[in-house]
């Protein structure tokens, strides 16, 4: 059996094995008449190592034998291949966020009153860690509960210039029609990207700018605005 | 990004994936600034194909994309690596699969009509569990029987790019033409001969075949043997 | 495969079933004729995929073309198998009996003298031949498919370790309408769409309320006038004023004025700051 042939067989074996193979394990697959010397096997392994030198693969020796693996510097690309779908927020979290947005400043107790169920601490924590919600004060009642409000990051993420860009309660009541329009371009995945991209330029200033003036203008073109969002 | 670099990334991706990746999936892992053209990707794939030409690996295109795999001629060594024999499938299952592949969409009743026997539920279940066959609809007749079709996974598993790659079906011959042939003295010998070549189990002879011995051999070295059969 | 074995494969080779062994003994030959060791018969018959398969076997064994079936002979042989099965009280699949009936019918039609004028009458074998051929095609196709190189048997997936993934937990993405749907549902449940609530409440006021609150949140006094910015225009001033009024109404802030016409300050309700702490510097603005 030629050196080339041995090398190719060894490569195929290591590729297919999916685990390290020892010299003995490699030897064992060769039939009686064709068994290479151990040195020949070692030479084949060394040559493979050479072959991979410039590539995205490497042949390494670990405790239990030889293994072909993808080089660490390929990680960014390979990882993107297996990128897990980002987790989704629970309905409870979204409702809590919505209530903070619409009813701020609002305490956790008030949110619970409206939702009819308790709001977990982790939800409030998540919303604050995401920097969409912050404590804006404390209500002057026993226990001095924190009052929550939305942040600028919240507006940025949803590509809103101000809260007035959100539909009013009255419009919200009729949201089904809006929703049907949105549904078309929906599938949830393309959207966030758009938000991010368009969000970059949307709120370039940190100043307390004439926010309200903008709002006034925006109200008049609310329809057009939500369309570009979706 | 250099051509070499693209090629190495593509190789690493296909190696790490261990399953077919489409052009789109490959493209998706490149960041915005570095995304190659589709033609560049194709060129990289073609080059890899070249690189593997002499080796125990191959890069092939199947239904769901490109896949790097260990070549068939490496089978003797690779299969000795593991104790597990590859699954073998009964004639009943293979005939059912063939009917679905060539006649899709097809109902179980139609399969039974052609095979002349009932098709067991377990066969349909196995085919679906293997994801080779799936329900593609229901025939609009009483009982609304399910219609079956093959999947991309079926094509992938059998190293096929599309249904067109399946071997062509034997021709149906007309009784009138054969009658004419018979009268011309064109014997029914040609046909059985063909069967012989294709290793078909037609058993055209009356010899004492060591048929059973063969079966025994088959069982012991399933993989290699079934290969040589065809 | 051994050299002595011609490439003719046994027709009834069912792969999962070692029909080679009958009660521990290998049966080394396939029956040349109809004699089948009784013990082997059951196994032998199981190797057929049904009556069409058995018929094909009978036809091919005689080196005959499907299209030229000697019906009488094939029917006789077929019936002998059926009888054998009966003798052994094998459970006979209905399909085999149906086929027997079909063969008998064809045979009887073939035996009847054919009137000359009925020349274009269809060959009684036609339907059987059609079915046999159709079955044979797929029997062949099944073998062809079995012969295609397939993964795990002939070709193998590569299984190369990928580099360790750097975990960057990406926070979930939320679309605006997901948020709005959640809002609507929460509001619906709380019946906040009643007329009382559905009034023109500018959300900018609510927003400003949060802003004002967080500004006075430190517990120190804030100058009332600082809450208004002329750059915001009239609308801005109105929104700020509404926000402050709403906050006072909800007792979230307190207004403080040490004497008439003195600067007005606000502080968070309940904060410890007292009027003595009113910053003098701020008061001069």
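Chains here go by letter, A, B and C, matching the order in which they are written, and residues are numbered from 1 within each.
We take it that contacts are C-beta pairs under 8 Å (C-beta built on N, C-alpha and C of every residue); 3 or more make two chains touch, one makes a residue touch a chain.
These numbers were taken from a predicted model, which means no experiment stands behind them.
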>> Can you tell me which chain lies farthest from chain A, using the average of the Cα atoms as each chain's centre?
In response: B
> Closest chain to the protein CA centroid?
Replying inline: C
> Hey, how far is the Cα centre of chain B from the one of chain C, in Å?
Replying inline: 22
>> Roughly how far is chain A from chain C, centre to centre by C-alpha average, rounded to an integer in Å?
In response: 24
>> Distance between chain A and chain B based on Cα centroids, please, to the nearest Å.
In response: 37
> For chain C, which residues are shared contacts with two or more other chains?
Replying inline: 156-162
>> By the touch rule stated above, which residues of chain B touch at least two different other chains?
In response: 15-16, 57, 70-71, 74, 78
>> Using the touch definition from the top, list the residues of chain B that touch chain A in their complex.
In response: 4, 8-9, 11-13, 15-17, 21, 25, 28-31, 54-57, 70-71, 74, 76-78, 80-81
> Can you list the residues on chain A that touch chain C in the complex?
Replying inline: 12, 15-18, 57, 67-75, 78-79, 82, 86-89, 91, 94-95, 97-99, 101-105, 113-116, 130, 134-140, 144, 147, 149-150, 157-160, 162-164, 166-170, 172-173, 175, 178-179, 182, 186, 188-189, 191-192, 195, 208-213, 215-216, 226, 229-230
> What residues of chain C sit close enough to touch chain A in their complex?
Replying inline: 156-166, 170-187, 189-190, 192-193, 197-198, 200-204, 206-211, 213-214, 216-217, 229, 231-233, 235-236, 239, 251-252, 268-270
> Considering the complex alone, what residue numbers of chain C touch chain B?
Replying inline: 1-2, 4-16, 18-20, 26-30, 32, 49-53, 56-57, 60-61, 63-68, 93, 95, 99, 123, 125-126, 129-131, 133-162
